[in-house]
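There are structures below to look over.
Below are two complexes that have chain A in common, paired first with chain B and then with chain C.
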Partner chain A sequence: MRLLTVDDLRTTFRTDDGPVGAVDGVSLSVDAGQVLGIVGESGCGKSALSLSIMGLLPKSATITGSIRLGEQELVGLAGSELRQLRGDDMAMIFQDPMTSLNPVMRIGEQLIEAIRLHQRVSKAEARRLAVDGLAAVGIPSPEDRMRAYPLELSGGMRQRVMIAMALLNRPRLLIADEPTTALDVTTQAQILELMRELRREVDAAIVLITHDLGVVAELCDEVAVMYAGRIVERAPVAELFAHPQHPYTWGLLASLPGRSGAEERLYQIPGTPPSLLHPPAGCRFAPRCAFAMDACRTDPAPLLTATARAGSAVACRLDQTTRDREGVRLSGTEAER
Partner chain B sequence: MSEPILRATGVRIGFPVTRGIVFQREVARVQAVDGVDLELRAGETLAIVGESGCGKTTLARGLVRLQEIDAGSIEFMGEDITRRSGRALQGFRRQVTMIFQDPIASLDPRMRIGQSVQEPLDIHSIGTPAERKRQVQEAMERVGLNPEHYNRFPHEFSGGQRQRIGIARAIVLEPRVIVCDEPVSALDVSVQAQIVNLLEDLQRDLGLSYIVIAHDLDVVRRLADRVQVMYLGRVVEEGAGEQIYQGPRHPYSHALLSARPIADPVRARSQTRVVLQGDVPSPLRPPAGCRFHPRCPVAQASCAQQDPQLVHAADGHGWACAYPLQP
Partner chain C sequence: MVRFLIRRILGGIFVVLVVTLAVFVLFGPVLRWHSNISPARLYAGKNPSAEQIERVSALLGLDKPYYVQYGYTLKRLVLGPSQDERERVCPGSTAAECDQLLGRFGSSFAKQRSVDSLIWDHFPVTLSLTFVAAIMWLLISIPIGIISAIRPRSLFDRVSIVFVLIGQSLPVYYFGLLALYFLAYKLGWFPLSGYEPLSNPGQWLYHLLLPASVLALQFAAIYVRITRSQMLDTLSEDYVRTARAKGAGETRVVIRHAFRNAMLPIVTMFGLDLGLLLGGAILIEVTFGLQGLGWLAVQAAKRLDVPTTAGIVLFSAIIIVAANIVVDLVNASLDPRIRLE
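Moving on to the complex of A and B:
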């Protein structure tokens, strides 16, 4: 069942230097029970996209286009209506749990408050739900932890509390923005394991925002690659890693230290991402692309179009044969080397 | 085998835990580094890996004498520099420099970047002003910065370029050793690749030796000749990179390696993982016996009593475990 549909979303921030189009014509959809990964580097607009969906943008931002949760249109909704949806139908977890946990309130109180804002239950019932919620995310002795303050817990435990809080009211849509980036690799493995279990149980649509292709490979069903405010490629996860279609995706995969042999130099994408104040005309990746043709620099960038690969779409002028050949050559998996 | 350029023996570094605001008194001591030996040979990269709180950064700061060490010794090119101070330490500081994780925090925002790169030369009074300027320009070119940007401020640069400024500062003194504390972990993947390549180029061209502190095991595998795995202040396994990556003997190293996300959906979902339970215990009260035993998937009853020492095989691969994994 289609749960989230984003259509031609544009999010623009007003700044002293002029408007910045952080999200520039993004369309995507996620089904219930599915995990969509959104990958890209700093400044590509992935966080602006997630805040747009949650209705958490600052006043300096304007959005156009459409965001639908089920049948309900979210763009243009009043603040109070959005507040009712947040924490109920949709929830978000952040990289740093301390941005969403109140440091001077006991964990139990925060959980109970979150439940009673959205569900008509007694305090005792809310308390029971809160303890169950903590137990469900693998927090040992949850009864005791209810009395703890956030800073008394380790980073991994705080992340679990935040996940528990996000899931309290059984959201239909969960947005996770770099949920494991601040954690150690062993704790990250625990949280990824937890998210894998949860997605089987809660049947929510999950949007996972990350810069880490390893996390994408572990958890996602589908992946959208963002560059300079736009989606340049979208594909089922196995396809993306086996037959990447966009030159930017090739660069990302090829620059991973784990994928290339130790003798050869790591592949570097030349140049730096463009400023979104003055994005390049044409394809925004063209100035850094080894395959760019004249048309790539001058003509409007191609739209996301289906490729010959099942379920995949790419915004690139190169022909299918070149994309298949160069994609495997440049970003080939270890097995193919 | 050549003489080590930097050698640490039995290094212990602790921090006081104090109570009271006006009359502070020491009520306990956290042993952040608890008896570490290491040897860095010329031209080699030694990586120190482990989770937060394992003591790797404290150890790095101790090695460059930014942090006083409580016990043990540090030798640089055969000379004991553990107790040196003032002028006697200056020579060492010229030869052993450091690169930090956060290039923003390590640069003075009000200082032009050329001045930032030149500062170490000024401190050590090296050369005439004209010579200093030339050295700064050389260092900037070497790390891929445009020397014409000498007069710009740090905020005008991207994260990757700021890290290049930090590296220029570290190489301008023409050191023998650079200690790199998480040199790429704050950077995007594509920028990370640029900095990793730069560090490799500099090592080859300038004959540098590196100590790399990192938690990203894929970056470490690429950079390091030898690896030491730390847990709660101690080295639990050490050896050549491939010895550790291909055949870890300590269950902690194995768990650490198996926890990394694999950027390949087919392998990522087929491999069986050792997911460690719980968190690293507090270094204030390290567990008795083997410090890893409460989280160890293969611990035996005796592990709670006996504290295993690092033992080495003939090939130099060492581990501190009573029941090591079979390679």
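Moving on to the complex of A and C:
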């Protein structure tokens, strides 16, 4: 069942220097029970995309296009209606658990608030649900933790609390914005393991925002690669690693450590991402792309179109043969698989 | 938490000790050396003979070395006047009569009364003024500060910034005089001066309203500014975004999540300001003829009433130290980050 449908979404921030198109014509969809990974480097618009869906953008932002949750259109929805959906039908997990919980409120108070904003239950009942929620994310002695303040918990425990809070009202859509980035490596693995378990239990559509392809490989069914506010490639996760189609994806894969021998320098995509204040005219990756043709720089960028590979789509002018050949060669995936 | 409290109280006692020493040195040896003013001379009346001064010196214990005098001053502050001093200062009077003349803070020779009784007579005026003004400035500034922060750069915000500027730059004695002239003298809405005790609450408030408003306006300006900046900071915090992501309404987000965090530094400032004002709001009290501690201090200084001046300085210091401790306690109760460290 199709749960989230985003169609030609454009999110623009008003700044002192002019409008910045953080999200520029993004379309995607996620089914219930499916995990869609959105990958890209910092500033590519992945967080702006997730905040657009949740309706949490600052006042300086405007959005056009369409975001549908089930059958309901979210763009243009009144604030109060959107508020009723937030935390109930759609929930979000944020990047930094150290700052995402209110430091002067007890964990229990924050969880109970989340429940009672959306469910008509007694305080005692909400309390019971909150304890269950903490237990479900693997927090030991949840009764005691209810009385704790955030500073009494480790980063990993706080992120578990954030995850529990997001799941309390059984959302249909869960957006996780870099849920492991701020954690140390061991804790990252634990949180990923937890998310993998939860994935099986909750029948929600999950959008996982990350810059970590390792996380994508572990958790996602499908991946969308974002560059400078646009999706440049979309594919089932195995397909993306086996046959990456977009030169930017090749660069991302090539720059992963541990693929080309320990002693070698990590690969680096030449150049830097473009300013979204004055983006390049044609394909936004063209200035950094080794395969760019004249048309790439001058003509409007190609739309996301299906490739010969099953379920995959790419926004690139290169022909299928070149993409297949160079993709395997440059991203070094053949050696790994 | 108990250790924290004990540490703060010990620290407070140390500060008061330092202040007593400073007060003693300043109003004893320094005053004598600098202006050739000695309490004995002042106490002895007009044009005293050398013999009279000497007798008064012995009476007040001023013939002893300074360290003995200081030790006794401290002892009197803690335990009250000794039997020996009572007999010297008020021979042949009952204990109750002597209490009127001599207290922990000493005796005012100008008024022939104990400094303690003077302070307790005038302190309620300062306390009332501070109380009414504090309620007024909080009620004015916190809502304005919050609304300004929610709508930065709006017309409301800009007008409130002008208000802050005016409030902060008008000296109270000038603004107070203007208010007195127009609102009290010309329009007759308020009394020109004076204080009514709390036993008559209506008159009490009526007499305090104008001075408290003038005082409150000045503080409200500062509090609008700090509330606004604190709210702007907390409103951009991650946990405020989390609250919104939960589906909390704007009022709940602003009050329960943002303001609850923003008020911590405001509480600190409020406690310190209260302590400061309780030591006497000199300019306001003098302008409006309110006979509070500040007014008393000015009177005492004019008359060279050294024990009273010194007593008020010491009393204010004790209040400020106490306010600091209370602020720490309140902060600890509001903020687990302080409590649990």
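What to note about this one:
Here is the rule we go by: the second predicted complex is superposed on the first by the 326 of 337 C-alpha atoms of A that agree within 3 Å, B and C clash if a C-alpha of one lies under 4 Å from a C-alpha of the other, contacts with A are read in each partner's own complex, and residues count from 1 in each chain.
Definition applied: a residue touches a chain if its C-beta (ideal position, glycine included) is under 8 Å from a C-beta of that chain, and two chains touch if they have at least 3 such contacts.
These figures come from a predicted structure and were not determined experimentally.
After superposition onto chain A, the partners chain B and chain C occupy separate space and fit alongside each other. Applying the stated contact rule after C-alpha superposition, one finds that A:165 touches chain C and leaves chain B untouched.
After superposition on chain A, the vertex angle at the CA centre of chain A, spanning the CA centres of chain B and chain C, is 70 degrees to the nearest 10.
Once the two complexes are laid over each other on the shared chain, residue contacts for A:229 go to neither chain B nor chain C. Once the two complexes are laid over each other on the shared chain, residue contacts for A:84 go to chain C alone; chain B is not touched.
In the superposed pair of complexes, A:101 makes contact with chain C only, with no contact to chain B. Of the two partner chains placed around the shared chain by superposition, neither chain B nor chain C is touched by A:282. In the superposition on chain A, contact is made by A:251 with chain B only, not with chain C. When the two complexes are overlaid, the chain among chain B and chain C that reaches more residues of chain A is B. In the superposition on chain A, A:157 contacts chain B only, with no contact to chain C. In the superposed model, A:192 makes contact with chain B only, not with chain C. Of the two partner chains, chain C is the only one that A:118 touches; chain B does not reach it. Of all C-alpha pairs spanning chain B and chain C in the superposed arrangement, the closest lie 6 Å apart.
Those residues of chain A whose C-beta lies close enough to touch chain B in the complex are 41-42, 140, 154-157, 184-190, 192-193, 211-218, 237-238, 241, 251-253, 255-259, 262, 265-269, 272, 333-334.
Within the complex formed with chain A, the chain C residues making contact are 237-239, 241-250, 257, 260-261, 264, 334-337, 340.
Taken in their complex, chain B has these residues touching chain A: 51-52, 158-160, 188-194, 196-197, 200, 215-219, 221-222, 255-256, 258-266, 268-269, 273, 275-279.
Across the interface of their complex, chain C is touched by residues 54, 56, 79-80, 83-88, 91-92, 94, 96, 99-105, 113-114, 117-118, 149, 151-152, 162, 165 of chain A.
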